[in-house]
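Read through the structures below before going on.
The same subunit A turns up in both complexes below, where it pairs with subunit B and then with subunit C.
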Partner chain A sequence: MNLSIDVSRTDDIHHVKLSGEIDVYTAPKLKETILPLTKEEGVSIKVDLEKINYMDSTGLGVFISGLKSAKENHSELILMNLHERVYRLFDITGLKEVFKIENTVRGGK
Partner chain B sequence: MVLEKYKNLLKNYLQSKDETALYRADQFSKQSLQQEISPDEIVQIHIDAMQDLYPDLPEDMRLSLHFLLETMISYGIAHHEFRALREKQLELKYEIEVAANMQNTLLNTVIPDVEELDIGAVSVAAQQMNGDYYHFIQDHRNVGVAVADVIGKGIPAALCMSMIKYALDTYPDNLSSPKTILKLLNRVVERNVEPGMFITMFYGFYNDEDHSFHYASAGHEPGLFYDASSDSFEKMETKGIVLGVEENTSYQQYSKILSVGDMIILFTDGVTECRRGDQFIQTEEILDIIKQYIHMSAQEIVDHVYRYFERLQDFDLRDDFTLIILRRNS
Partner chain C sequence: MQEPFDFIEIKIPAKPEYVGIVRLSISGIANRLGFSFEEIEDLKVAVSEAITNTVQHAYRGVEEGEVTIGFGLYHDRLEVMVADRGGSFDLSEIKQDIGPYRPEESIDGLRESGFGLFLIEELMDKLEINNDYGVIVIMTKHLHKNGVEPNDGEISTTQ
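== the complex of A and B ==
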């Protein structure tokens, strides 16, 4: 399974639409896409995870680097439309407290 | 030697124009590779052979061959680099093997031998080096147990583990207080890992006097409590963020009193994230398997459960797998 990433921009918002799986193999690609976006001052990076049906802890690592980098640059990283299974990861690890998460989706594999 | 051989092969081909002679050229290239002859050297051999075979070679032709030789030089260098890289790769592979052995020695932990507890543990790496870690501490008749999972795999994860183990050893006075241990470890990890790396960890301490088990969790997969009197399982829900993300954070501590037969079951996400084809395993299934072997010793239970999961994934682990059971005996 692969990860496809689609990036678009409206004003100060970067929209990152993901689909597929985030694991140890696809995480580097995700990191390469998200980190440069967080280096820009004062922008929002909205990551849409609606089409992510599997993510492991490597994905969490990428989002944490993104979050730290966004904070340093006074930008914000927002995660959207998380499947229950993916949301569970943020829940168990306590990371839902540090991330801005919008809209969780029920179900998912 | 090589020149003579090449010359003969070339002569043979030019005279016979035969497929078999061409095939010999193919074999010659294989032998040349073994003898570390680079592409530009082959061209040089060709030039020498042609000059021997055709002393009256037209000047243009002769010059063009030298021209060809020049264009081959970079390929020659690339060939040498390739060889050097291949040797380097073998060296690295060997070093990783050594590191993996060293990790096993460094992180070696002994299952405590205390009368009151029956303890079983299994931890298997998906790759060469294990990103899961468990550690037992025996303090008279009390037992401390740590289970951790470093995000990421391979060498960086393994190095992180050694840090946890040695940090644990630094706080002998706090071992009976799980929330303090996690708070202290969080600081160590936060200062020492790169952003994006983190560790989930569960730490619990069994007190032999009042049969209590105190525990705290830093974003680790919740463990299970088995209540023998009602023959039922209960999730040990906890709150707390993973180690290494927030500089100042504190952890909540929880406790259970263990009656005879009760069990504490701890694991890493290699267990809960296990997939059968496309489907994730359900927690109920894990419980069913444990129940099936519940009459056995703690070590036999974890071994059987591991074997079940191994079969489930066609003997190809996707993630490191760790499972620990502590049962009060008497």
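== the complex of A and C ==
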């Protein structure tokens, strides 16, 4: 029941690979990682959620603040490889309309 | 009112690190009752949202409290109660703040919290909030066993 975060960079792209659970316990750590990355103008932050097996509204909150910050600082936040279960939260809340989401993954274990 | 055939209660400190433990419990309980994988995932999110509200509220306050989570296991449904005796929040304020994102809203005004109660409403069959003594959230999810009732003498094929 934890979240591991792996950040790497190639040129103007920050790759953020997540693994584990995003909830009220782990969300602050994720926010602390993503927000600073969005402050740099012109970069893309690609967040890979393939290994996220649980997420709730606390995760939505982190990505919303990331999205706002990216917009302010002219960077770009992209969410990748969402499991159906995780994508469903973006769908139910209508947030899929505002996020750039690349590739969803079937199944949800 | 029909009595639950079993009742389970868990008490945790109102701290973020314990929410995941309740998720493990709800997985076990819901699996036992025969909920599907999808439904169990819904329950995990809904119950976490309710506890998260309480934990975040407790954090804003001066003293740390406890959260009590009660599971009423019925033949046809699961009722989950999340109680925070210490706290109270302004219900009308919270209700104003829930709902999905609408395309006409700007991203700048997008709130970072407030989707929690909305998700509970979407993922559960029923949501009640009692604000008289602290805050008690009661949510219900019904079992859908393809119309096969547990007591009708038929053999259910869904475990």
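Note that in this section the second predicted complex is superposed on the first by the 108 of 109 C-alpha atoms of A that agree within 3 Å, B and C clash if a C-alpha of one lies under 4 Å from a C-alpha of the other, contacts with A are read in each partner's own complex, and residues count from 1 in each chain.
Going forward, a contact is a pair of C-beta atoms (placed from the backbone, for glycine too) under 8 Å apart; a residue touches a chain by one contact, two chains touch by 3 or more.
No experiment lies behind these values; they were computed from the predicted model shown.
After superposition onto subunit A, partners subunit B and subunit C are found to clash with each other.
After overlaying the two complexes on the shared chain, residue contacts for A:E40 are found with neither subunit B nor subunit C. In the superposed pair of complexes, A:I92 makes contact with subunit B and with subunit C alike.
By the touch criterion defined above, A:E50 reaches neither subunit B nor subunit C. Of the two partner chains placed around the shared chain by superposition, subunit B and subunit C are both touched by A:K68. Residue contacts after overlaying the shared chain place A:Y25 against subunit C, while subunit B stays out of touching range. Touched residues of subunit A were counted for both subunit B and subunit C, and C has more of them. Contacts of A:E76 after superposition on the shared chain: neither subunit B nor subunit C is touched.
Subunit A residues in contact with subunit B (one complex) as well as with subunit C (other complex) are 24, 56-58, 60-62, 64-65, 68, 85, 92-95, 97-98. Listing the residues of subunit C that touch subunit A in their complex gives 16-17, 19-21, 23-24, 37, 41, 44-45, 48-49, 51-52, 55-56, 100-103, 107-108, 110-113, 115-116, 118-119, 122-123. In the complex of the two chains, the subunit A residues touching subunit C come out as 1, 21, 23-25, 54, 56-58, 60-62, 64-65, 67-68, 71, 85, 89, 92-95, 97-98, 108. Residues 149, 151-153, 195-198, 200, 218-222, 239-242, 245-246, 269, 273, 278-280, 319 of subunit B touch subunit A in their complex.
Touching subunit B in their complex are the following residues of subunit A: 24, 31, 56-58, 60-62, 64-65, 68-69, 85, 92-95, 97-98, 109.
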